[in-house]
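Below is one structure, written out as structure tokens, with a few remarks after it.
Going by the order they are written in, the chains are A, B, C and D; count residues from 1 in each one.
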Amino acid sequence: MPGDPVLSVQGLSVQFRIGGAWRAATRGIDFDLAPNETLALVGESGCGKSITCASILGLLGGEGARVEGSIRYRGREIVGMPESELEKIRGKEIAMIFQEPMTALNPVMPVGEQIAEAISVHLGCSRAEAKTRALGFMERVRIPAAPERYRDYPHQFSGGMRQRIVIAMAMACQPRILLADEPTTALDVTIQAQILAELRDLCANLEMSMVFITHSLGVVAAIADRVAVMYAGEIVEIAPVAELFAAPRHPYTQALLQAIPRVDRETVTLRAIPGQVPAIAEFGSGCRFAPRCPRASEACQAVPPELAARGGPEGHRVACLAPAPVRERAS
Amino acid sequence: MSFRTTVFATACLAAAFTQAQPATAAEKVLRVGMATGDIGKIDPHLAAGTQDKVVVGWLFNGLVRVKPGEATPKFIEPDLAESWTSSPDGLSWTFHLRHGVQCHQGYGEFTAEDVVYSLQRAADPNRSAYSSDYKAIKAITAIDKYTVQIDYSEHVPSVLGFLINFQGGNMVCKAAAEKMGADFTKHPIGTGPFQFKEYAPQQELVLEANPAYYEGRPKIDRIEYRFIPATAARDLAFEKGEIDIDYGQTDKTWYSRITKLPHTKVVAVEPTELYTVHINESHPPLDNLKVRQAIAYAVPRDALVKYRGEEVTRAAKSVVPVGYLGETDATPLFPYDPAKAKALLKEAGYPNGIKLKVVQTSLGTMRDTMEVLQGQLRKVGIDLDLQIVEHATFHAQIRKDMSDLVLYAAARYPIADTYLSQFYDSAATVGTPGAVANFSHCNVADAEIRAARTETDPQKQLALWATAQKKIIENVCSVPVYELFNVWAISDRVKLGYELHGALSQGIPIIPATTIE
Amino acid sequence: MPRPAGSAAGRLARKLWRIATANITIEAGIVLFLLVVAVAVFAPLIATHDPLDQDLFERLGTPSTEHWLGTDSFGRDIFSRIVFGARISLVIGLSAVLTAMVVGSFLGVLSGYLGGWVDQLVGQATNILLAFPSLILGLMVVAFLGPSMINLIAAIALATVPQFVRVARAPTVALRDRDYIQACRALGFSPLRTMLRHVLPNIWPEILVMATLWLATAIRVEASLAFIGLGVKPPTPTWGGMIREGFENILTSLWLAIFPSLAILVVVFALNLIGDGLRDALDPRLRKDE
Amino acid sequence: MARYAILKLIYSVPTLLAVLTLVFVLTRVIPGDPALMILGDQASPQAIAALHVQLGLDRPVWMQYLHFLANVAHGDFGKSLVTGQSVVDLAASVLPSTLELTIASLVVGTVIGVPLGAWAAIHRNSMPDALVRAGSLLGLSLPAFVFGILLLIVFSVQLGWFPVISPTGRVSALENLRALALPALTLGILMAAYIARVTRSSMLQILGEDFIRTARAKGVPWRMVIRRHALRNAIIPVVTVVGLYLGVLIGNSVLTEMVFNRPGLGKLIVGALTQRDYPVLQGLMVLYTLLIIIANLLTDLAYGIFNPTVRLR
């Protein structure tokens, strides 16, 4: 991957105040994002993917939430950055697409204006100019008859169309990074594929990096360059996408892959992972997967394992004291 | 947001400007604050409330009048009639009208035709509330344009008294009254110093100077008669100079507060209204004289006068108001003696007291008085169950014998006959065809009252009236309580131009010479 | 279906207690309100004077050791009148709201259950009544019937009934077509009784909130009517009537209007506190994100 | 839009008819004789009987009813028994004053209530929130006349900033606004208390919505998020509530008009009630119903303006 990372997350921990005590929802999140790269964050719901994304945009401030660690965007520290600085980054440098297109749009504002708003806020251009640009993006995300629909309201669009608008909105200022939080989950399968394809094209055309959150490994395979698997607020394994699929090392990743029904393999043993994801309040000090892990030892309960290569290639790191051995990949 | 705000602001400003209209600087405007929510009827033959009578006093004339500032018959002087004569038997009267008197707003000269029309109207029960005063009129004839003859079928106590500028004696202009019909009550046309200009419901009535007034154009250009029911608001407005004349509260608290204001004159105007508790003899146990006497002994007349304020109140002396022709205090009213009242109740067979049902108007001073009486009677064991109803209902119900006690306040033309005939002659008993206001079913003095009415010898008439009063008081048909003055606060800016002692209209007469600085 | 009455009552009591102590707002309101109730109940013990006793020479007296809050224009003790006035306010308010609550809930369930023309009729009547401000409605009824205690209660109840109808009707309609209601009918249970059994548990929290808030309104409306001059007949002391008298004498005796105003403020505020707190405590949506 | 409005008005005809019938029945059962009212307390029984004939009160009730409906259909509500004025004129003469007061207090209520409610919601569970909540509860607890009297004492009596009685007839716009200030404030504050509460809870809900996060993620400054996104959505339920509250406002204006001696519908209706002025009473009740129907209609239309999802085409 060429060039310095556009985004570098180190030791990120997000804590919430629950019942008077601070509880960490995520712990020790480390990853880099290279220019033009798409990183997928995969995990079950509640594993901290969305929180991680929100903290990158600095959306978690205020009472009841605390962010520790470091998030660097092109060398600038985002954690602790004043709100006014953050506002300059949000939408312009780093944009975000949300999961639920039904609720992510302001119901009382024409969609065109919602797109144009980001443009005029960041580029300080005139209404007319912002409108022209917004229309351009609406066309770019293939909204039919964009000029006529500019003044329409969200409820007048279908779910897929709304998500296109959300995407257009995120693209409007041509950000360097796009955070996509399960952008296709709420959509029909056929629409999902279209949207994914469009996102991929847009990223390529606009030279954007993307953090793509999903719980679907199928989607990961379709869009990502690299993938980070999260479990209970931690990254347990991070690797280039092909590598991960071919040779998962963390028991959780392995279990996850085995839980996907696949038509491309003959022998299908669909296995559910026994046990449940612990609640935030129940997090222990050791490896959080240990209670469910078939390979867990006493050492696993004591200290959290660090994310490291552990004998594998540098780009493939795993947070497990007993990772699966590195296998020679069949070419 | 901002769009909406702008719309609202614009609407407000627009509303504000539609009412805007500059006033002419040099105009002399007299602003009078009246204790009423609205005007009633300003037709002189129907006007009943004080708020209406005050206005009628400014708009109309009679054939004769009581000199402005006075309220007794001895000040009768010419008004629309310059002179008059009567036949030796006193049953035929001829009046010679003033020439050139103009009706308001171009309704032409006031002539004998108008007099005939007015008196016929006043005598017609369908168009007048005072028809009973003119029952004895046999014929009214216009001899010529300026001469009118009135013939009576029997002797009446005071012919001129019912031709003054008071109630039915007010002269309306025929052409206007006929043209407007029922609308006349809100658009009256007379010959007085002021004429109707406009009326805004619940707000004000505006009168303007009658430029053709026979005594000359008034110096005051306009009277704004404002309706301000709340005493506090009216007083404040007066204090801050927002009004020039303030209708006061007949109450010592009001009186002492207002008299302390600078540049203010407070006047208590005759005639007073006599507050009388009529005791319904047809309702047991009130048919028992001892019970009625007990009520009479339980009313602390002097304390009540002190309570209201001696400046604005005087104690009743008889069942006829003080100063009326024929009124006498020869028979004293029952003194305050609660012990005796209790004893009488016991004697009558009510050692534990009695309970009476009383229908009472919600109108200010009357209700107030009844509440005080309730508190006082309670002390001797007479419990009043007050049913407070609004004024019209009150009038309806007391005429249906629905109340054991009826508190009634009234001023009449100041001769004893009016009061005695209306309140104590059995012919006037409520519920009978001739009903007027005999709420007590009193019938002990019928002979004297009726004999006095046609008695031509003044001395004998007085004696008959005295006997009637004696009988009524001794029979306790009613308990007269006190008499209240109408009180007004007048700013020193107002120069009345005459000496004010009283006014039958109960208002402040505004004559052509009256002015404001 | 039948359960021992004692345990049901006990559960209800426990539940009520839990609600009553759910938050500080409710607690403060209840304490304040109980204080007023206590004053009303023990009025004869608390009052320093006979509230009806006139002293014609002690008019409009300023507050003193003899008359703590002064005297009114008839020389009556204001403190004692306020104390006794609490009875009128509470009796009228409570009777009106209880009547409205029972009648309204029943009508609501009935119309929701029966549907058809009954529902239409009740719905239309409710809408008309809802359209009129409670004060205007009360004004008309009292003016027509005359101001007596019963008429005041009727007037205020009439203005309040539609609120309860509305609350009771919607859940009834939702329940009407459920299978188990149909089943009850098939089993020959009285359908209306079944409805009440199933609907009431669902709506009573909201009815409780409504009742508290409308009790506050009822007391305010009663005072307003008395201020207009349509209160309970004299000499019975009422707060609104006292304010009316006070307003007439406002230039000389300010306290005449101030003290009864404060009394109204306290009791209405207390009730609003309770209602507000209850709403927070009972509203699942608000509770969730707390 | 126009079709919707017309339809809505047609639907309100039965309501109007019901009110008319109710009014007619009620006015016939009140004690007190209107003829006596007209002629005064010294009228003779013959005169009263004659007037009964003239007023049609001697006819059977159902005929009176049909006659009444026919007249109403022609826009004829008869004449006041007290002043003889046509009821329509009478109502028309005070209607502007009532509308003026209603609109002004609506403005005051909104201008004070919405920002306070929003402020409280933004600072949830902190000092501003507690202040606004306590303040609005107090405001709701205060009867309108008490508040009016307090304002009158302080601003008119003590400070002398505003006139005690409303000026009539020819006054400047400034004078008029000055006279309007305290009554509008009296009603407006009560209204603000109500609006603040609704705004607060509505705002709290909106602030938790996804699109607020979206707007923030776009980099829209917080103040702009509040103003353009949160407030514009939070205002929608407020519109409904304000519409419902209009009735209460008109009701409370009775008290305000009494305290400030303002002409208006409220005072007219109290006067008509106490004087048993049937025709005025009937006319005013119908007018009230109409006003409320129109207010509801306007609320619906306003709701449409603020909420595009129900916008009517």
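Basically, contacts are C-beta pairs under 8 Å (C-beta built on N, C-alpha and C of every residue); 3 or more make two chains touch, one makes a residue touch a chain.
Everything numeric in this text was worked out from a predicted model, so none of it was measured.
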{"item": "Chain nearest the overall C-alpha centroid of the shown protein atoms", "value": "D"}
{"item": "Chain whose mean Cα position lies farthest from subunit D", "value": "A"}
{"item": "Between subunit B and subunit A, distance of the C-alpha-averaged centres to the nearest whole Å", "value": "91"}
{"item": "Centre-of-Cα separation between subunit C and subunit B, whole angstrom", "value": "45"}
{"item": "Centre-of-Cα separation between subunit D and subunit A, whole angstrom", "value": "54"}
{"item": "Centre-to-centre distance between subunit D and subunit B (centres being mean Cα positions), rounded to whole Å", "value": "38"}
{"item": "Per-residue multi-chain contacts in subunit A, two or more chains", "value": "none"}
{"item": "Residues of subunit D whose C-beta touches two or more other chains", "value": "30-31, 157, 232, 258-259, 270, 273-274"}
{"item": "Subunit C: positions in contact with at least two other chains", "value": "143, 146, 229, 247, 250-251"}
{"item": "Every chain pair meeting the contact rule", "value": "A-D, B-C, B-D, C-D"}
{"item": "Subunit B contact footprint on subunit C (complex, rising order)", "value": "52-54, 56-57, 59-60, 73-74, 76, 143, 146-147, 229, 233-235, 247-252"}
{"item": "Residues of subunit B that touch subunit D when the two form their complex", "value": "1, 5, 8-9, 11-13, 15-23, 33, 37-41, 46-48, 125-126, 129-132, 182-183, 185-186, 198-204, 206, 224, 226, 228-230, 233-234, 236-237, 240, 242-243, 362, 389-393, 395-397, 399, 422, 433, 435-437"}
{"item": "Interface residues, subunit C side, partner subunit D - complex", "value": "124-125, 127-128, 131-136, 139-140, 143-144, 146, 216, 220, 223-224, 227-229, 240, 243, 247, 250-251, 254, 257, 261, 264-265, 268-269, 272-273, 276, 285-286, 289"}
{"item": "Residues on subunit B engaged by subunit C in the complex (per definition of touch)", "value": "230-232, 235-236, 253, 257, 300, 303-304, 306-307, 362, 367-368, 371-372, 374-376, 378, 385-390"}
{"item": "Interfacial residue positions of subunit D with respect to subunit C in the complex", "value": "14-15, 18-19, 22, 26, 29-31, 133, 137-138, 140-146, 149-150, 153, 157, 201, 205, 208, 247-252, 254-255, 258-259, 269-270, 273-274, 285, 288-289, 292-293, 296"}
